[in-house]
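In this document, chain identifiers A, B and C correspond to the written order of the chains, with residue numbering beginning at 1 in each.
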Amino acid sequence: MDWVSRQFSTRVIALMPVAIAINIVLGFTVQKILNLPIYLDSIGTILVGVLAGPLAGAVTGALSNLIWQYAPVIGPGSNIGPFAVTAAVIGLLAGLWGQLGVYRSRPATGSTLYGAALLGAVVVVVLAWRIYTSPAYSDPANGYPSWVYGAIAIIGAIAAIGVAGFILIRRDAAGAAVAVAGAITGIVAAIVSAPIAAYVYEGVTGSGTDLIVAVLRQGGQDVFNASLGQGLFSDPIDKTITSFVVFVILASLSSRLVARFPLGERLAPSAT
Amino acid sequence: MTDSPLADLHEEPVRLPDFVARLPGGRYRTLNPATKATFALVEALVAFAVRGWTGPTTMLVVGLAAAAWAGLLGRTLRVLVITSPLVLSIMLVNTFLYPGATDVLWRIGPLAATAEGLTAALQAVLRVAAFVVSVAVFSFTTPADDLLADLERRGLGRRAEFVVGAALQTIPRMRERAAEIADAQRSRGLDTEGSRWRRVRGIVPLAAPMVFGALSEVEEQTMALEARAFSAPGRRTVLRTLPDSAAQRAVRWLTGLGAVVAVAGSLAGWLRLP
Amino acid sequence: MTLRLVAATYRYAGAAAPTLHDVELRLEPGRVLGVVGPNEAGKSTLCLVASGLAPATIGGHLAGSVTLDGLETASLRPHELAQRCGVLFQNPATQLSGTTRTVLEELAFGPRNLGLPLPEVLARVEWAAAVLGLEALLDRDPQRLSGGQAQLVALASVLALRPGHLVLDEPTSQLDPQGTRLVGEALGRLAAETGTAVLIVEHKTGLLARLADEVLVLDAGAVVRSGSAAEVLADVALEAHGVEPPPAVGLVRALEAAGLAVDPALLEEAAG
């Protein structure tokens, strides 16, 4: 079987509807019912990408958004359809991480484990620092409410401790790789989303994150950069959390069942 | 499908029981799903891509006219109301915080409403409204399995059809299951209401059984699909054929072509619309 | 029209030891073979191997020979296996396609996958519904059936592919007594009227006493006893293998000891 058809084996086809439902039901619950400022609507997409490959992940992501928009199964009126492009890119990247073996469990002890925990924390701090010092957030002329800086610092610190703690508690160096992959996925998602939000919705999405857009515009950013700034704030956090959730799900599934998926052998624990 | 290798095997049209044929009835609903899908996509494309007032306004009027013709005006307007948070956000953020706008209309404290911002906001709201109406009219008049049956007749593969069809039945089931789990946890004292922090804490015990319950069924579903010849080669037998006509085919091509010309003209600048 | 296992040894992918060892069995048309044994005896694995799903769909390593109508299962593709051997699992919910609005469309799912001409598809649906007495359910929503009804629809969906053999893995374990009786009666009719060879794994030995011609006891992946149903189920050694004897057996023994001759089937009828 070739690279493409392998990604759409019957097993993957059976998984995809479940993944799409997880995306939509969880995303809907988190955003609309719990009204939290994260999305959590790409767990299924990343799961399929990691288990099956880039194309399967991209299809899962795009179909999730289109079904959410066009099928009146969960209430019409959402504005998620045009972001199908972002969802596809997220799935594509997840497939790439899967092929590179990013999610492969790497049991570690001693200095390797502490090194990985440190690396994970450093990645988060660097990311937070980039946001903290980015021109989008640090326009001296207007100056932002100080909570913006405080919030970035606090969220960065919590995330860094969370990532390091996750790696140490699970005794698994893979957490560092998952954190990096999640953060990169978030940055790419933000870059892909910003023009869509700017072009289609004049920069806002009707959710809690619009507050960040408003603050950035107040600081003098144009429509596109304000959306990008908001995305660079929300997406790496959301995608890092999502990636860890997927990592935990994969670790909890029977390894015998995981091995039957197209990328199963890239998920088997490594010796070191 | 006249080019089907099976066509000569059954020249006599097979009559399906009514509960399988499910021929759509009622104004607008009787159109072929592909025709309704074309209309919805064209409306969305023109509303988004033809900038200014003309594109979104025309498409909103067209969409509402279709809704009225289908007897769905009330339902469609109620859907529009659901988008009010987005509309409000677009109006506020752009009217008061439009980058680079200087033509101040009025001031509220430190915020200034600008004419340029108000224009951009209203145009974006029109785009959103036209899009939402196009989606509502399509989804209210076209059962998903009609669209899938029609697309399958036009060559959509069994895998794509299965994924979409199964997802559409899995979503409501999973919502029910999530509600059951939430109920069970509420009775055990794990609150899903109350403060935000409590809601955040409530999400893991709510999501985990839902996710693992669904994933645990994938393996058995895989084997059940194989046991029903899912990976057999070749085309699947078409069961339902939804009515279509040469006139509808012509209309689909013409509207599609018209939309492409309008969008290209608008983007290239030789079709100047207000 | 025979299912034969000769020295069949099967090991799951990634497993150190085989789950089935040197299993021998032969199933002729119209016969019902019951399989009993303790938990983890390899009964479900036997179902996968006998139907060819292992190794075709789930991988793993098969030694010895498993033939359907004289053809090695390892050389057949999944859709070719499906037309020779139907499989039914415990949970009716996972076996329905989950994509259809009516039972008729559900029964047509398999024949349509084969690309049969539409009149042939409908003829097979009609036949499968008639064999199991489902005509009155054809216009019902498959998602809104009772457990027993749903299991019969799943069985009919498999029968619509016209397999000569059926492998059933505890088909009544999730059903109430009424559902169990419904499925049990349908299986008896099926074997008697259509000549289908049936292999059924079942905890409910009472059901096997009524249904099976022969019974095979599986323990730790090996066949430890086989013979006529009456003989094996009445064997006092059965309990040593973790199998409850049919409720009728004890009663019959007691009654016979008291000098009363009773037809066990009659007694079971009265008890069930």
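One rule holds in what follows: a contact is a pair of C-beta atoms (placed from the backbone, for glycine too) under 8 Å apart; a residue touches a chain by one contact, two chains touch by 3 or more.
Quick caveat: nothing in here was measured; it's all calculated off a predicted structure.
Chemist: With centres defined by CA atoms only, which chain is the most remote from chain A?
Modeler: C
Chemist: Counting only C-beta pairs in contact, which chains form the busiest pair?
Modeler: A-B
Chemist: Quick check: how many Å separate the C-alpha centres of chain A and chain C?
Modeler: 45
Chemist: Counting in whole Å, what is the centre-to-centre distance of chain A and chain B, each centre being its mean C-alpha position?
Modeler: Once rounded, the distance between the two centres reads 24 Å.
Chemist: Multi-chain contacts only, two chains or more: what residues does chain C have there?
Modeler: 57-58, 78, 98
Chemist: Find every residue in chain B that makes contact with two or more other chains and list them.
Modeler: Touching at least two other chains: 162, 165-166, 169-170, 173, 217, 221-222, 225-226, 230-231.
Chemist: If a residue has to touch 2 or more other chains to count, which residues of chain A qualify?
Modeler: Residues 10, 17, 260.
Chemist: Which residues of chain C touch chain A in the complex?
Modeler: Interface residues on chain C, with respect to chain A: 12-15, 57-59, 78, 98.
Chemist: For the complex, give me every residue of chain A touching chain B.
Modeler: 8, 10-11, 13-18, 20-22, 24-26, 29-30, 34-36, 43, 59, 63, 67, 69-77, 79, 81-82, 199-207, 210, 213-214, 217-218, 220-223, 226, 249, 252-253, 257, 260
Chemist: Which residues, counting only chain B, touch chain C once they are in their complex?
Modeler: 6, 9-10, 12, 14, 16-17, 19-20, 22, 145, 158, 161-162, 165-166, 169-170, 173, 217, 220-239
Chemist: Please name which positions on chain C make contact with chain B in the complex.
Modeler: Per the stated touch rule, the residues are 48, 51, 53, 56-58, 77-79, 81-83, 86-87, 89, 91, 93-95, 97-102, 104-105, 108-119, 121-122, 138-139, 143, 154, 157-158, 161.
Chemist: Taking the complex as given, what residues does chain A use to touch chain C?
Modeler: 10, 17, 255-256, 259-260, 268
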